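Below you'll find a set of structures to go through.
The two complexes that follow have chain A in common; it is paired with chain B in the first and with chain C in the second.
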Partner chain A sequence: MMNTFKFARRLLLATAFFTITSASAFAITNEELQEKLSLSDYRATFSGSDFQATIKMVSTDPTFTEPKVREYTQFRRDGNDAMVMVTLLPEVDKGQGKLRIDENMWSYDPESRNFTHTTLKENIEGTDVKNNDMKKPTIATDYTVVGFKEGKLGAFDVYIIDLKAVNEEVPYAFQKAYMRKDNFVLLMIQSYSLTDRLLRTTYYPTYSKIDDKYIATTTIYKDELVAGKQTTVTMFNISLAPIPDTVFSKAYIEKINK
Partner chain B sequence: MIVRQIALRNVLRQKRRSLLLIAAIAFGAFAITLLTGITGGIEGNTRGNLTNLYGGHLYIRGVERLETGTLIQVIRDETPLVAAIDEAGIEVESVLKRTSIRGSLIMGSFESSATIMGVDWKEEALLKERLPLVSGSFDSGMAENSIIIPEKLALKLKAEVGDEILARMTTVTNQNNVVNFIVAGIAKDTSDYADAYSYADLDYTAKALNLQPGEFQSLNILLKDADSTDAAAAILQETMAKTLTVSVRPTTTDPTTSTTVATGGETVTSPVPATGKTGGMGGMGGMGGMGGGMSSLRSSLGTVAGVSGVPGATTDAAVGKPIYSISTINDMMKTVDNLLSILDSIGKAAFGILLVITMVGIGNTFRMMLLERTKEIGTMRALGMQRKEVLWVFLYEAIFLGLAGSLAGILLAFVIGFASQLLPMSGINSLFLLRGHISFVIDYVMVAIVLASLIALSVIAAFSPSRRASLLDPAAALRSTH
Partner chain C sequence: MIRINKIGQRLFLRFPAVLLAAAVALLPMQLGAQESDPFLDMFSNPDMITEENIEEISAPLEENFLISEKVTIGGQFYFEAAADFRKAWDKNFSYSGVLQLNLDARPVESFRFFAKAETEYPFIDTETNGSSDGLIDVEEAVKIQELYADFNIAKAVYGRVGKQTIAWGVGRYFSPADVLNLTPIDLDDPDAERTGPVALKLHASGLLSNFYTYIISNEISSVADIAIAPKYETVLGSMELGIAGFYRYDMAPKLIAMATFPVGEVDLYTELVGAWGSDKTYADNAGGTYTTENSPVVQATLGFSYKYTDPLGNGVFSSSGQFWYNGEGYADPSLAILAENDPRIVAKTILPGDLENPDRYYSALNVTFSNILKSNVTVAASWFSAFGGATGRITPSASYAFNEDFSLTAKVPINYGAAGAEFSPLGFQYTPTLEAKLFGNSQVSFAVPISPGTVYQYPFVLSLSLAKERF
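Right after this comes the complex of A and B.
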């Protein structure tokens, strides 16, 4: 009887030991999640090649009678942190261009033939998309993981990661990132204000995989303050072929308008 | 005496012709008097509205560089500024702290761009006086997050007193933020310009901009004598420069010219004033269809009143060491003054053309009169009238016509001008109006100039035919068949 009790106690201790050690062996830490965010940034950054795509933005707003559609050709050279966007639609804005080099951004108006300096934090014409959203992602450098929990988003097991901006100049003070546990792909980001109010939710429902890169081919930006206000961004005609250096210049935008 | 009587009789004898001449002269007098009266009213109203809106004539703003390199607009401690104001000895009516948020207000599905002025309600007696409320009140239940919104904005948002609304904005470092407000009052739209402005508690707006308690963005000084604005700004700037780093006000109208920074007697010049971050999201749009000039005004208003840019903030700003700049109501008025001076020049050019046409008309009429009265002149000369007296008969006629025409025109302008004050104006930016009405301000010097110049020009136009009349030979004149 005594031996049976001792055996049971040992078994219980052994089980507890294995449970704890195995759990700690598989548990993820804040630091590891920070690395996964860096991985996510890396996967959406095209440092070794150029990136070109056609981007369609469909915006809905309670004040619109019908959705507004905008279309752009985007050229990115993430290695130099450069980007050019040329408006294709609507017809009335055709030829308008945006040039970004590092933190500087200019808008070109073909009618006045003038470049105007603008900021990355401004929204793209009448949409819920910020200029900043069109550059290479820097979530891992802009935010620190301050906590996480596990959960489910639709059919996927996810880490729900609490992020805090590293300084006061990052557009959103706090974010919550929903990252798939199996492949560490971001599915959703909730952006909060300094007063901790949800401002915007960004959904990444579809991705395309090219080599080791993941491209969010559909992104939905939902304004959480104004009901019914959102913009859906879809990417197509994606190419990683080299783009001539001349494209990333003001002269190029001027030239295509001649 | 007899000469003036004959001249007056002649004017009255040909009533229709005299009336036509008087009408032509009156039209010129009317146009220029009305135009100067209205532009004077616009200038006065704009100055008054802006003074009320920004709570003063002088605006001190502080710019500070953060460790990240970003320039922000903030005044952390007003003590040295208040000491400088005292030391400068300028006569001050009030000194008010303000913050400014540009962003949008949201209620349900409705969103509208707005600028929220952060004010210290305890100190803003003048604002309360000049901001009549259609509902709610300043005193009952003014909580920390109370907001006074203009009527048009309330209509857009479908908001009523007691409703909770959200304000979306960016902090001084351009981070997205949102705070909630409770509508405590809805202000009457006495000014279209002010209707873009809502008013809320200073500390609450400072917190929304991510400033610390007690910090604000501009110190606005209401002077006892508005005419001393520029002199007061110069004295204050000199006094502040003794102990503080002060960005010297550009002397030219071009805000992109170099900015000099005075530091305790030293001056530093920075070639390009950097644009700092002051909070807000822009999106204010135009000012109600006033065109490019108004966009420019918007820009200068924003710049001077501390809504957007930070003129004078220099790349030399050191971390944690504020640079102060002083701007005045007159800086803001430059754009309005430019617009008005263009309007004034156009008016004066039109007046000049009208004068030339009228002079030609008067000259021709007097030539006709000379022909018609040749026999009469001969008779008067035969009866002993001197050449000089004949000349003066004609000249007095011109004086009477000029006097009657200009007086009629000026009086008509007064009637129309004052009557127009009674009509509510729509479609005109109310920055130019006083409580929704146009103002007509009489410029007595201008009236005197118009009166004198029209009489003088009538005399000049009539002089040549009058002289020819006076030189007529009496016998030849009597033989004349005219």
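Right after this comes the complex of A and C.
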């Protein structure tokens, strides 16, 4: 009986020692995770070149009779925080464009021939994707790390990072980011309301690596309030070739329209 | 101390059981998300990152939206029919069909041709058939909406020449700044296209600033009648500010300022117009006319739009509104209520355009609450008013969407004001209406217009509109 007691005590002490030493050796702090979020933003921002891609959005909704497909060409000049989106599908909207510079976004109405300001918080028509999702990522400047834990997501060891918004411009008050421990790539973000209700989950299951940049080539936005409502965004035809300055202008948006 | 030792001793003795219990308790915390979310299977593939060749993706692109090998043809068609049982039995049915076609050719990057024409039936050749009897004269059956060519000069100045709709003001329901387009904004469909003039537009566009010059030569035969309208717009923070002017030899010159900007969650816009005189001819109360010259005439408008989407999905609230002080209006708008046979109308000393917007104070308000408590119910109300003439229209409505293609709406437009006034041509009237949206923009409606003091045997209007969709 006494031997059993001693053995158990030693085992407990050894476990405690191992836990403490391993924790201190591999511990990461909130500040370091904030830096990793900055790294994530940096990796998805193309400041040194222009960025162009074709973006396909497939949306399902219980009220839809069939999935809705929208396709765009996206032009980005992250150095000026400028973006243009030109509709490719549906055919009836082909050529319609949106221009965003900083927080100013204009959409062009082909009927009235007028530009109107749109807020970045609004969803892209018929999808679960917000205009805000299409700008260069700024998760590190929009949110601060308030805590984290370690976990596993599929095949990957992850940090599960609790984030709190630092400004009112972002659509979600709190987020939970799942970041791979080995390369700090974001896999999943859960977005919460002020009352801590899960509103949306965003999955990033595939990435393309371009030099030191990582761009999510598949993103799934799942509405957590309406079962079966989601939008899958795939990105292809990626190019870093220079885009003419004239593209980032109202004149271009007006001219390409039907 | 003894007590602690005893508890600890018991725990040590049961250590394997405690460990197992802890593991069982903690396991769901680790795997909970994975078990409840089938999406997480996506993360079972460790090769989720594909390395791209930077040389390949840095090659120049061939995609160009400014060039097309094909000439694109598009348009829209809609058909409307109405049976108004209040009218005489032999004249209680009307119908019309409108076909709009547009043609877009972009042979080279620096040149584009665009045409949009509209034809409407039923029409009749009045020269051979005499009175049109409400039908459209064949000469007016085809209208050119837009007909222009785009070009650019050294990829720095973009030009458009021909008949074109012009983007000028920022007001949604009223736009006093828009002195260029020929038709006013349709209050019931503010996004509807408008008819523009024949003009040459030159547009120099930067990242945050734009400079436009319009040289307008609509239906003129003398160089002296050419008008010029420059506009400069720029972005200051989150405000877009525009300054413009309008000059034509025989018309009142105008200076215009406009801005759009957010305040918190609300988007605001404003227009301010100062003119030296007015181009309108006014009716006086003695059966004559007068004009306003050599004195300043000011117009100002302020509008807003706001949208709130409940984060828990319990509804979407949206609202927009606008107030317009129209310095060109009558102090007494009833002076603008003229009979069709008024000598000033017959002699054309007062034209229809002179009688548009006769009031000095206008307002518009739209409120919509949709997806109420996650249902497919929408309630809405709109109110358009001209305060000086005490006339307006209030339309409360409620609708239920069964699916994307079928919804039912019940509404009661209420027109108030004196007979002949802007929003109440028939005086006070309310019209309970039931509408069924069938597919696209097609709908059937059944309305019962009710005017106190007027009795009809069959006070019903049944109308149908079909497939008003672009292709």
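Everything that follows uses one rule, which is that the second predicted complex is superposed on the first by the 231 of 258 C-alpha atoms of A that agree within 3 Å, B and C clash if a C-alpha of one lies under 4 Å from a C-alpha of the other, contacts with A are read in each partner's own complex, and residues count from 1 in each chain.
Following the convention adopted for this analysis, a contact is a pair of C-beta atoms (placed from the backbone, for glycine too) under 8 Å apart; a residue touches a chain by one contact, two chains touch by 3 or more.
Computed from a predicted structure; not experimentally measured.
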item	value
Simultaneous placement of chain C and chain B on chain A, clash or fit	clash
First, second, both or neither for A:Val170, with chain B first and chain C second	first
Touched partner set for A:Pro62, first chain B, second chain C, both or neither	first
Residue contacts on chain A - larger count, chain B or chain C	C
Which superposed partner A:Leu225 touches (first chain B, second chain C, both, neither)	both
Which superposed partner A:Ser193 touches (first chain B, second chain C, both, neither)	both
Stretch in clash, chain B with chain C, out of 7-15, 61-69, 79-87 or 97-105	97-105
Overlap of chain C and chain B interfaces on chain A (superposed complexes)	63, 119, 122, 193-195, 197, 199, 225-226
Residues on chain A engaged by chain C in the complex (per definition of touch)	4-5, 8-9, 11-12, 49, 52, 63-65, 73, 80, 82, 86, 92, 95, 101-104, 109, 111-115, 117, 119, 122, 151-156, 183, 185, 187-188, 193-195, 197, 199, 201, 203, 205-211, 214, 217, 220, 222-223, 225-226, 238-242, 244-246, 248-252, 254-256, 258
Complex contact set, residues of chain B against chain A	66, 68, 70, 106, 108-111, 166, 168, 170-171, 173-179, 208, 210, 282
Chain B contact footprint on chain A (complex, rising order)	62-63, 119, 121-122, 165, 167-173, 191, 193-195, 197, 199, 225-229
Touching residues (chain side chain C, partner chain A) in the complex	9, 12-13, 15, 30-31, 33-34, 37, 39-46, 48-52, 54, 57-61, 63, 65-66, 72, 74, 102, 104, 112, 150, 155, 158, 165-167, 190-194, 196, 203, 205-208, 210, 235, 238, 240, 260, 262, 265, 267, 307, 311-313, 374, 376, 401, 403-405, 469-471
